[in-house]
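One chain, chain A, appears in both complexes that follow, with chain B as partner in the first and chain C in the second.
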Partner chain A sequence: MNAIEIKQLQRIFKTHTGVIKRTAREVRAVEDVSLEIQEGELFGLLGPNGAGKTTTVKMLATLLIPSAGSASVKGFDVVKQADEVRRRIGFIFGGERGLYWRLTGIDNLRYFASLYGIDPDVSKKRIPYLLEMVGLKGRGDEFVGGYSRGMKQRLHVARTLLHDPDVLFLDEPTIGLDPVGARDFRQVILDLQSEKKSILLTTHYMFEADALCDRIAVIDHGRIIALDTPGGLKQHVADLSVVEVETFGASEAIIGGLRALPFVDALSVEETEKHQLLLVQTKRGAEAVPDILAALDGQRLGRVIVREPTLEDAYIRLVGGAV
Partner chain B sequence: MNARLLLKYWRTILVVAEMTIRQQLMDGFIIFTVLFQPIIIALLALWMLKGKGPEYAIFVVVGSGLTGLWSSLLFISGNSINAERWSGTLESLVALPTPFEVIVFGKNLANVIQSLSSMVLGYFVAAFLFGYDLTISQPLYFALSIFISIFAFISFGLIIAPVFVMNPGVRHWQNAMEFPVYLLCGFLFPIALLPGWTTPISYLLPPYWAAVALHGTTTPGTPPNEIFFAWGMMFVFSVIDLLIASRLFKLMLYKARADATLGME
Partner chain C sequence: MRIFTNNLRLFWDGTLLSYRALFHWLRPAQYVASKVFMPLAQMFFFVFLGTFATSAANAGFYIIGNAIQITAVSGIFGVTMSVGGERETGTLPYLFGTPANRLVTFFGRAFMHVLDGMLGVVIAFGWGVILLGLDLSHTNLAALGLTIAVTTLSTCGLGLLMGCLSLITVNVMFVNNFVYFLLLIFSGANVPLADLPNWMQVVSYALPLTRGIAAARSLVAGAPLADVAPLLWAELGVGLVYGLIGYFLFSWFEFEAKRRGTLEVF
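Right after this comes the complex of A and B.
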């Protein structure tokens, strides 16, 4: 039996615009998603903002009702058998909210343990175990309001594991964590996988997905546009090289002109306060560099390097450079 | 529902109530609503009725406690679900095997218990500050009335919370709903002083019957039948409230999952 099965899942949100003349509008957050996640698999769901990742996870976690299609977790339908699903799942949504800041870490866990119907004798042993597991040993008596973002995220993990769920939904769990906190958190995810938990992970960090996931689905505009192992996805760009060009203040028109060049397969821009990093995907490799530099003539440039493609490059190609 | 499940839910209700009280003790608005506001009302009423005798004083003590109960029900219990949404915990609570109404029951229990403490404080204010010799004429019936009133108030609160969630516009009337109920339910003076046409409205409000029972048991000479009748009315209203609340919670949660309003995106 698969841990999760999704068939032609769809979710439409209805919104209204206008104050005097109200106009109804439909937003198709999830258009058509079908996939299966095996027992014990760590499955990644990647996609740009608004692609439908969180909506899909919320439908699986019984927090949203699908507009069409069906989904089941451990064989239980997420709409008709929501209570059965809830006994078997745990979820974490990225960010600091979702905990009681005016309670201590231990009281938060004691509270949720009671709500999960865990016997008090069992929770007395399980809470210290979980606090130690997530690295909060000795900090459980402090108020959550005083925790760092990373500590709150760890407490989320402990909360979600209270009832020892078989299936975990981790929606951008490392967002906002500092590099050390994010690295430690990824280790927690690997530890959970070693306990044979089935995990659905959404993330914006490609290296994270590459390092953790057994398989990855790329979702865009509410549809799965690719589904493979990280290695398999990288094959989508095996014929490409990536030219990274550091620029300072290149205009939209200049970048647009570069993107329009016939040898450019995809182009994405990473903006920082000081500079831009242009990631040009091309089949011509180093030979393309003179033409790229010619297109950027007159611009202030920094380093230029040519490298092998990564999962992120495969992702950029799949979603059309829209990042 | 079997006894084991009931026991499990009761244990959950107690933990929810404990955690709710722990959090509320750090919230100035709640401390004011459930403790200081009733004390201020008691002080003013005791001052106005100074010299009228201890039977008026005990009426005021009980009545000011009831004002605290109603205010906490209206503002704190009424907003309890929205408060969870604002703090981002609503999604976690909904995706639990424990029925959501059990959680809200525990929260309402916490609010009611805290509000009752204002009645105790009012008692000490009247006894020590104003020097009244306060006696409860029927202590056993008073204790039973408190117990039944708690249940009636909690049950009524279970209707208010989902109504406030499903109809956000109703919340704009919260302030306007506070004082009329003080008056219509006879918390601080008998409803006989109000125009006759308001009496049927009073009869439809569960807090009115709590006031009848609690005032009755503290007033010498109240016939037991009057108290029993108030208990019966509270019981009937509680059953009706619980039945309505059960439907409302199912409807509210389904609607929230369909309309995507559990979170605060």
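Right after this comes the complex of A and C.
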């Protein structure tokens, strides 16, 4: 049996604007998603903002009712058998909210243990075990309001594991964490996978998905546009090279002109305070560099390198460079 | 049996921990101000206004009416915030993501506010006796205590109903303020019900507090418990009806919030 089965899932939000003359608008957050996630699999769901990742997770976590289609977790329908699903899942949404800051870490866990109907004898042993597992041993008596963001996120993990769920939904769990906190958190995810938990992970960090996931689905505009192993997805760009060009203050027009060149397959821009990093995907490899530099003539340039494509490059190609 | 003990534990943990979790802003100084001085201010305002407009002999009418009405602070505002506070803390999705019994979770939210509301009324009666000369020498105090408990319970029933609104609306406080001031008039705390227009009297008897205030006035005047028992039963019934409507709305609004995707709007 698959841990998760999704068939033609759809979610439409209806919004209204105006007071006197009301205008209704439909937002199709999830258009048509079908996939299966196996027992013990760590499955990644990638996509740009607004692609439908979180909406999909919320429907699986019984927090949103699908507009059409169906989904089941461990064989239970997420709408008709929501309580059975809730007993078998745990979920985390990125960010600091969702905990009671005025309570201690232990009291937060004690409260959620009672919400899940966990026997006090069991929770008395499980709470210290989980706090140790997520690296909060000795900090459980402190108010959550005094925790760092990483500590709060780890407490979320402990909370979600209280009832020992078989299936976990982790929605951008490392967002906002410092590099060390994110690395520790990824280790926690790997530990959970070694316990044979089925995990659905959404993330914006490609290296994270590459390092952790057994399979990855790329979702865009509410549809799955690719589904494969990380290695399989990279094959989408096996014929390409990536030219990285550091620029300082290149205008939209200049970048648009570069994007329009016939040998450019995709182009994305990473902006920082001081510079821009142009990532140009091309089949011509190093031979494209003179033409790229010609297109940037008159611009102040930094380093220029040519490298092999990564999962991120595959992702950029799949979603049309809209990063 | 296991389900029963689980739910009992959920009730207590939910009651105590959610109260501590959601009312963290209520520091000791704020609590004392809201519990001790706010009732005094309300009583002073209405007692002196009422006696100025009518007669000093009517002071008891206003003291008792407002002392009982004070329970609406906990019953309406407190209970509403015990539901709506989950939206503020972002815990609503995590709460609704559990299989916890919604009936127990829902009514557990009101329990601390019942105790809190009763304490507020006792303090208000204390002010009435100490500063405003309320005479309780003919009063069956146990019966008055029962009246305070019943009236607080029934007011919390209305509070639970109001709390449900916070599942579908972002700011329910303006509705709470409206209801609180409505109760000042419609409950008979400050205007004899007989002096209200007929349609207002109909509304009065559909609200909690009205019969509780009438029972308290009778008890302070020396009536035995048996005389006010029908009022108290009816008061309890009104509160129960509001509480049950609140519970069904809670379940319905939970469904609606999931259907409309408004669980996390804040």
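Criterion: the second predicted complex is superposed on the first by the 323 of 323 C-alpha atoms of A that agree within 3 Å, B and C clash if a C-alpha of one lies under 4 Å from a C-alpha of the other, contacts with A are read in each partner's own complex, and residues count from 1 in each chain.
Here, a residue touches a chain if its C-beta (ideal position, glycine included) is under 8 Å from a C-beta of that chain, and two chains touch if they have at least 3 such contacts.
Remember, it's a predicted structure, so these values are computed and weren't measured experimentally.
Student: For the overlay on chain A, clash or fit between chain B and chain C?
Tutor: clash
Student: By the touch definition at the top of the document, which applies to A:304: first (chain B), second (chain C), both, or neither?
Tutor: Neither chain B nor chain C is touched by A:304.
Student: For A:133 in the superposed arrangement: first (chain B), second (chain C), both or neither?
Tutor: So A:133 meets neither chain B nor chain C here.
Student: Is A:86 touching the first partner chain B, the second partner chain C, both, or neither of them?
Tutor: A:86 contacts both chain B and chain C.
Student: Of the two partner chains, chain B (first) and chain C (second), which one does A:116 touch, if any: first, second, both, or neither?
Tutor: both
Student: Contact-wise, after the overlay, does A:182 reach chain B, chain C, both or neither (first, second, both, neither)?
Tutor: Neither partner.
Student: Which partner does A:99 reach: the first (chain B), the second (chain C), both, or neither?
Tutor: In the superposition, A:99 touches chain B and chain C alike.
Student: Enumerate the residues of chain A that count as touching chain B in its complex and touching chain C in the other.
Tutor: 13, 58, 61-65, 83, 86-87, 89, 91, 93, 95, 97-103, 107, 110-112, 114-117, 120, 159
Student: Which residues of chain A touch chain C in their complex?
Tutor: Per the touch definition, chain A meets chain C at residues 11, 13-14, 58, 61-65, 83, 86-87, 89, 91, 93, 95, 97-103, 107, 110-112, 114-117, 120, 159.
Student: Okay, in this complex, where on chain C does chain A touch?
Tutor: Residues in contact with chain A: 6, 9-10, 13-14, 17-18, 20-22, 24, 89-91, 93-100, 105, 255, 258-261, 263.
Student: Applying the document's contact rule, which stretches of chain A touch chain B when the two form their complex?
Tutor: Answer in residue numbers: 13, 58, 61-65, 83, 86-87, 89, 91, 93, 95, 97-103, 107, 110-112, 114-117, 120, 159.
Student: Please name which positions on chain B make contact with chain A in the complex.
Tutor: Spelled out, the residues of chain B in touch with chain A are 8, 11-12, 15-16, 19, 22-23, 26-27, 87-89, 91-98, 103, 254, 257-258, 260, 262-263.
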